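These are the structures, in structure tokens.
First chain A sits with chain B, and in the next complex the same chain sits with chain C.
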Partner chain A sequence: MTERRHLPYGLSAPATLVLTAFMAAPLVMVLLLSFHTFTMATGIRPEVSLANYVEVLGDGYFHTIFGRTFLLAAAVTGVAALIGVPEAYIIHRMRPPWRSIFLLVILGPLLVSVVVRTLGWAVLLGRNGIVNAGLTGLGILERPAEFMFTMTGMTVALVHVLVPFMVLSVWTSLRRLDPAVEAAGLSLGASQATVLRRIVLPQAMPGILAGSLIVFTLAASAFATPAIVGGRRLKVVAMAAYDEFLNSQNWPLGAAIVVVLLVAMVTIVVGYNRIVERRYRQVFQ
Partner chain B sequence: MAFLEVQGLVKHYGSTPAVDGVDFTVERGEFLSLLGPSGCGKSTTLMAIAGFIEPTSGRIAIDGRDMAAVKPNRRNIGIVFQSFALFPHMTVTENVAFGLEMRRVAAADRANRVADALQLVRLDAFADRYPKQLSGGQQQRVALARALVIRPDLLLLDEPMSSLDAKLRDEMRVEIRDIQRRVAITTILVTHDQTEALLMADRVAVMDRGRIQCIGPPHEVYEKPGSAFVSNFLGRTNLIAAEIIARSPGRLRLAVAGVEIEAVGEATGERTTLSIRPERVAFGEQGLPGRVESCLFMGGQWMYRVATQAGELVVLRPNEGGAPLATGASVHLAWPAAAAHIVHD
Partner chain C sequence: MTRRNGPLALVFHAAFIAFILAPLVVVCLVAFTPEAYLSIPTTRWSLRWFKAIWGSDFIPAFWISVYVAAAAASLALLVSVPAAIATARFQFPGREALVAYFLSPLMVPHVVLGVALLRFMAEVGLTANAFGLIMGHVVIIMPFTLRLALAALAGMDRHVEWAAGSLGASDLTVFRRVTLPIILPGLAGGWLLAFIQSFDELTMTVFVASPGTTTLPVRMFQYITDNIDPMVAAISAALIGLAILLMAVMERVYGLERLLAGKGGD
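Let's turn to the complex of A and B:
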């Protein structure tokens, strides 16, 4: 009996150890670090002070960076949902051989290294890139559009890599849909569009919610794509923290930025989750 | 002209026919059951009537109007699906009101009709529940109310009892039949359960391999099945090989394992097959000799297996309170001439 009771703890021990050592401990250390002080002359000093938080939360420079990060994450989430939800529905309605093939196509971006993929976008979107060459060559645009080092460019590149998470998550919830409910809606006189809006979409909400949370958190903490496509002028929070750690050597300030980002994201995610779950309570049961 | 006409319905999937030339008609207010094993084409036929499957060829007309160009959402057909297919994110009221909303029925009228429909299926107390908070039987009633509230021209029931447990199934059969009679709606039931088909429908069409094998009122189809498949599928039967000795109009003299008997029907050739229902066979002084192999108690009846020269026969005798025949007993089996039917393979 005793052995039986201890078995679950024994089985979860390896994962617990790994998470404690490599996730919980560093987080606590970052949290402690964020209360320390730093000057160029003295380096890091283990005092307890709120100075870093006062700087992050009070300085307009950081406000801009945080604002930009969350605007970017929200835009990426919105566009990923607009593209991903119909895509997931189409995948859902496909017949077996095509379904697997197109799932692989959708997962494609995740199979390519982040640097290669992002530099690929730089080639496409650059001033003399293929997109601009095409648009000006066809006479659609007079002058090349600015994609590189703009929010648009960053959004496009992030949506490209994050949309698979939305598609997979929505597809998973569509697979639980009884195929007869669509027929039932039609037989009651609804048009195909009404069936999608009133019957399919509400039941896909758990998947859309889960996908949105994944896409939002990954977009808000993205580093490589904004760094390459957005450049130094359009800093996001992850780049700001990176700069404090590696360029200014101001680790405590970097730690405070990271903690604020983490708290803000957890708040947004939990709040959003609450609202949507309350609205679509029946679907989540 | 019949209310629903199905003529020469054919549906091919690739080169295999799922429905291979089906013709039938249903009168206004009639309850027809399509009965058959899985893969016989009954569901395909139903979905073609509903408009979800496009027939390869054939004609479907409701009230004289050809349905070929009419989309499923314009056919005004109520359907109860096997899984019930309720909308899980809507309450019972919202589920039932959906079809009226699509027909742009005014809110006040809609509320009245939903209330009436829920009263019809005895669910008025559950109007604000969600489908997951209801039992299987209640969910089925919601599905029925949702299909009936739009006052459809035709009600289609697609294996509606198969996800209910046995006791509930018996209750719902009677209840659905009563509701169907009360609102007098033309109904087609698809089922693989012969008891259900016989109990509920005005007429039964037995299907096999994409064709209707036999169609008629339940007792006629049961008594005069016409083919070995139908007699076996509609309840239990004994199939016996017989030699034809003499013919007179509508009657035959036959020899079964050397014993002379009479049967109703016509047959050509020298040999034929007889179908005799187990409950029509009796033990007597004369007739086909045999030996009791086993005897099973079924409450209201005893089921005997009797070995004879013509093969093993099943005999059902009512339980009249006495002791059954012992295993190994020598018996003679006899039946009225009208109980022996000629069947074709």
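Let's turn to the complex of A and C:
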């Protein structure tokens, strides 16, 4: 039976090989690259130096970019939870044909390229776009406001791109909620608000927490939407890495930027999981 | 019986759906403008921007995307199915670690994978080569094909496999004649989702795209960062139409919610 004992390893070998060659090894190469140095005259020099990390962690220019990126991710996560959680609950309470129709409408855009969805926001939010026409037409604004190349514009567009993940995550955890529990709460004299706060919200919590993590990590590393709506004026980390690699040709510095991004995100995810597990232990049992 | 949504909830719901659909609808409307600038057609509609797509360099980019996505989805499925069988049907030391490794591409942002792939391709001399790009896409979509292959394997009745085995069929015969035909519909769904995922991928691809491997999303991104005109809106409208068509097919065959539950983002 020795042959059968080795079978699972043989079956897993192709996938393992692909991941090792095209993900793990390249990641190690980037880590090594981040310690090399670069000058315009000499190009990349394979010496070991912390100069790139000193620059990324010490320079105000990069502080602004990292700060903006994580602020954007936090804002997007907050807004996505604020509108995604009630929507998931509304979808949850819908009757069968409507529920799948609207889930389809909310999840369907995930099949369309992020570039297309962001283009829609560029058209809507432009100086002569629909949003401005509507707001000035209604007398809310006197003059057209600038939404393109602003944090507001980036937040709105990214919320649109990522809120389906929040709705899906919360809806999935609400599905396990027995409607009889809600009915029992109401029949025992609890108000609708109490039922929401004491029965529905705790049940939705795992979904909200998981959805927030997905939205936050995707927003913090988003490239296309911030690049199109924010442009070079409001650079995020992914855009900064892109510029170092493809415009300045300073690959070692670009490598250091993504290594710092990766470490920051892993730290946040691990820390978040720690806190969540401690505070909401009873939710996950 | 759940209680019905109140009027306030329905107003919120309508606003939410409008928010979701607004950018997509606007793009589709602008695509039909007869003007040379971005505007919503009111009296006259025109197909001039759809005609303008033919002969533009978006058409070759579209085909590059199709080839890359088809190759990447097929390769990803080819390596995921044996891996799924190993992890679903066998107990062996290191099994959990292996599953975690297979799903690990989900944890790495695409921008990091793009940088890594660019460095890798430069080091081994693969630049301007579609092979490197395709393998990069395989890495990104493999967690999804693996999950769907695992779901297909978990959903099937194992008694038929045991029956075939007890009747003297070899492992290979059992797989080829029993397991594979049963899980094939699930695998086809996984292939389709992987294809879409690869077709839409921008963030990693933009780092390694060379003139010969500029996919449609990359070409559109480059174009949009320069200027936005009704022609990109027309291309976007065509892509939205394509997505609606695919959704209708996938909803009929698999139920879309189940498939989308595992899809990635930006």
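Just so it is clear, the second predicted complex is superposed on the first by the 269 of 285 C-alpha atoms of A that agree within 3 Å, B and C clash if a C-alpha of one lies under 4 Å from a C-alpha of the other, contacts with A are read in each partner's own complex, and residues count from 1 in each chain.
By definition in this document, contacts are C-beta pairs under 8 Å (C-beta built on N, C-alpha and C of every residue); 3 or more make two chains touch, one makes a residue touch a chain.
If you're wondering where the values come from, they're calculated on a predicted model, not measured in any experiment.
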item: First, second, both or neither for A:P109, with chain B first and chain C second; value: second
item: Superposition-derived comparison: chain B or chain C, residues of chain A touched; value: C
item: Partner chain in contact with A:W121 - chain B first, chain C second, else both or neither; value: second
item: First, second, both or neither for A:S187, with chain B first and chain C second; value: first
item: Partner chain(s) touched by A:D178 [first = chain B, second = chain C, both, neither]; value: first
item: First (chain B), second (chain C), both or neither touched by A:P202; value: first
item: Contacts of A:Y280 with chain B and chain C, given as first, second, both or neither; value: first
item: Touching both chain C and chain B, counted on chain A across the two superposed complexes; value: 183, 186
item: Residue ranges of chain A in contact with chain B within the complex; value: 178, 180-181, 183-191, 194, 198-199, 202-203, 280, 282-283, 285
item: Residues on chain B engaged by chain A in the complex (per definition of touch); value: 50, 52, 71-79, 81-83, 85-90, 98-99, 102-103, 130, 132, 146-147, 150
item: Chain C residues touching chain A - in the complex, by the definition given at the top; value: 1-5, 9-10, 12-13, 16-17, 19-24, 26-27, 30, 38, 40, 75, 78-80, 82-83, 85-87, 89-90, 92, 95, 98, 101-102, 104-105, 107-113, 115-120, 123, 135-136, 138-139, 142, 146, 171, 196, 199-200, 202-203, 206-207, 216-217, 220-221, 224-225, 228, 232-233, 236, 239-240, 243-244, 246-247, 251, 256-257, 260-261, 263-266
item: Interfacial residue positions of chain A with respect to chain C in the complex; value: 5, 7-9, 11-12, 14-16, 18-19, 21-23, 25-27, 29-30, 33, 83, 86-87, 90, 92-94, 100, 102-124, 126, 128, 130, 157-158, 160-165, 168, 172, 179, 182-183, 186, 214, 217-225, 227-228, 231, 237-238, 241-242, 245-246, 251, 254-255, 258, 261-262, 265-266
